[in-house]
Amino acid sequence: MNTYLRQVWVIVWKDLVLEMRSRERIASMGAFAVLAGVLFNFSIDTTSTRPQDVAAGLIWMTLIFGGLLGVGRTFHLEAQDGALQGVLMSPTPKDALFLAKTAANFVLLYVVSLLVLGVFGLFFGLDLGPNLGWVVLVLGVGALGFVALVTLFAAVSTGTNMGETLLPVLVFPLLVPMVIYGVGTTTRLINGRPFDEVEGNVRMLGAFALAAVAAGAVLFRYVVED
Amino acid sequence: MTDGVSPGADTLGVKDVARGSADNGREIVLEANGLRREYGPVVAVDGVDLTMVEGEFLTVFGPNGAGKSSLLGMLGGGMRPTAGTVRVRGQALSFSEHDWQHRIGMLSHRGFLYGRLTVEENLRFYGTLFGLQDLEERLPARLARVGLAERARFEVRQLSHGMRQRLSLARALLHDPDVVLLDEPYTGLDPSAAGVLRSVLGELRDGRRTVVMVTHNLREGLAMATRLAVQVSGRFAWEGPNDGLGREDFERHYHDVVEGRV
Amino acid sequence: MKKSITRALPLAVLALAVTAGAVVAQESAGMPQATRLAEQNLRPYWHVFAAYALVILVVGGWAVSIARRLKAIEERLVD
Amino acid sequence: MSTAGMRRGGTALTLLGLLGLITLYWMAFFWVPTEVNQGVVQRIFYIHVPAAWTSFLAIGFAALASGMYLWLRDERLDRAALCAIEGGLVFATLVLTTGPLWGKIAWGTYWTWEPRLTLTLLLWFIFIGYFMVRNATEDPEKGKRFAAVVAIVGAIDIPFIHLSVVWFRSLHPEPVVARPDGPTLPGDMLLTLLFGVLVFTVLFFGLFLFRYAVEGLRAEADLRARSAA
């Protein structure tokens, strides 16, 4: 393993160990997801709307708001004792730091998104059948793009004196492609349509995620430099 | 220089000292030229030049807001100067390269530690970031040196402030940097931690490392330094060798410099 | 320069007003173009004029705000 | 180019643009025939489309300048990006106000989630985000870097937003100029439209230079204030 990968890995390991010990973010995101599921259940009149038509949208919206809650705090953990400065003064390339933070946040968000899928499936009585695997894949691809954008802009908003209030203003316009492709694809899959029908859109979702990761890796160094 | 400082002291340029030392066969380690840092309309550091050779220990005193931390940030390569350059062993600190960080260690009043990681894990984390290969031998030795060997498996948040600061010292020196930068390291230390810090700093100086410390603490600042500087409004208002000036005398001189009477 | 902009602005607004008036006059006078349009609801005119006036107002507003800022800075530089 | 040169260039281009605008108004009101299907309201098209074009030109230009700013750290590049974004915001506002005026007649509703209108709305929010980030830092230099990142990511994201909103729903008239089989618009209308695009572009660059000169003077004034202090 070369130094670059080892640096990425040790940061991912550190973030996940911290999360496992404090359970700070996963607990708030998980609780948010379940409670959102309960509230959404009461906000929908199931006599006029079929749950499988709206479930996908609700799942993605829960992911976005919950993800903003958790992933948006990713640099607060670092800032507590100035640890981010310590990492920045080490020979770690800034893109390695970005990729590592993105990877750790991705693991976190993906766990939550599978929880959301399970909870909403239960609450709305969804039967995914053979499409379950594809939905799990689509959630993963969408979560990757989301996490890359939010990690980059979490670093931006943490550096401003507006803090987290700025984050949604910055990322929501940029997240539109993810919402449209994610919700569109998931709705069709939930309704039992074959994967072939949505494959092009999943590709677009993937391209979006890759572009977000690449842009973040290049631009992150300009955000964290002092 | 017993009663105050000779009038010539402030004209004694750092470069002259450095050149003299370099002639004695000591290599120039840290070099800063025309360092300047602006925050919009505020000028925090205004044209600082500095040349330091092996074994030199510079203490920079100055009131709050004199730009001491910004100066240290730029010397450490973490902060981009508005103008000017910093070189460590002849290599310019560049934002796109990642091979000069091995030469610099930074100890601040903030620990750069993760409270939820254990003592050992914190060092292992930084050691891996620095690409150190011999962590298994290095960690126990370093922990023993700062007196934390039996606390290795404690989470950092369970430690007292003094113990954290000792761990932070071990972290800053883990990769054996040539240049050690200290930002108010004595803030809030208990006597035993201050003792460890003092003895480690003494070793650094005698081990021909180059140390720059910024502090308000006149006593600790004077104890170790071979050179002194007083920074006021971003500039070195006075600098000179530490030639055994008593604390009371230096304190008087310091206030004269800060209030612009010298 | 800022004078030329502020002077040009009322001229442009005047031009627009004249244009709008002329179009209305032309249409109501039953010029050939209007025969088709007479069949349509006349309401769209309001929308078209509003849109064209907005261009003048918004772009002109930007120009005026630039000129104001220029003036403020020039005063600072003179001091 | 010197600041004085900027101002001269800005004045010349702006005056040219204003002259062009008057000509465009004349063409749009008197010269160009009325479109058969939509009637007179279609005339909004001759300012709506050029305004949209200009706002996308602005974000592209700003992203380019921002990227070069991050690379070269030349204050002038940052100023150029700021001025372009401000112009983009002005023209995007025009698109968002003239679009609904048209939509009310053409579609019977002021707002629809029509792809290009949606795209412009999101672009408008990206412009707003640029200014919010820029003004939210204590260290202005940091704000400039953050804002540059917003402009660049925004510009990269625009093709994705475009594709996605088109896929989401398409109520908008089909593209009439940039089509593979050549423009479908009758010659006179096409000419008016292209002239409109030209006029708005000239107007944008004229006011941009003018604005840029102001920003240059402001930097000079700040510098003087600092050296005097």
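Each chain carries a letter (A, B, C and D) given by its place in the written order, and its residues are counted from 1.
In this section, a contact is a pair of C-beta atoms (placed from the backbone, for glycine too) under 8 Å apart; a residue touches a chain by one contact, two chains touch by 3 or more.
Values in this document were obtained by computation on a predicted structure and should not be read as measured data.
Farthest from chain B in terms of Cα centroid separation is C. Put simply, the C-alpha centre of chain B and that of chain C have 64 angstrom between them. The distance from the centre of chain C to the centre of chain D, each centre being the mean of the chain's C-alpha atoms, comes to 18 Å.
For this pair, chain B with chain D, the centres built from the Cα atoms lie 50 Å apart. Separation between the centroids of chain A and chain B, computed from CA atoms only, is 40 Å. Those residues of chain D in touch with two or more other chains are numbered 138, 225. With touch defined as above, chain B holds no residue shared between interfaces to two or more other chains. Annotation for chain C: no residues touch 2 or more other chains. According to the touch criterion at the top of this document, the contacting chain pairs are A-B, A-D, B-D, C-D.
Contact residues of chain A toward chain D in the complex are 149, 152, 156, 159-162, 166, 169-170, 172-174, 176-177, 180-181, 184, 201, 204, 207-208, 211, 215, 219, 222-223, 225. The part of chain A that touches chain B in the complex is made up of residues 3, 6-7, 10-11, 14, 17-18, 21-22, 80-83, 85-93, 221, 225-226. Across the interface of their complex, chain C is touched by residues 7-8, 10-11, 14-15, 18, 21-22, 25-26, 28-30, 33-34, 39-41, 43-44, 47-48, 51, 86-87, 90, 93-94, 97-98, 101-102, 104-105, 203, 207, 210-211, 213-214, 217-218, 220-221, 224-225 of chain D. Listed in rising order, the residues of chain B touching chain D in the complex are 38-41, 43, 82. Interface residues of chain D, counted against chain A in their complex, comprise 70, 118, 122-123, 125-126, 128-129, 132-133, 136-138, 142-143, 145-146, 148-150, 152-154, 156-157, 160-161, 163-165, 167-168.
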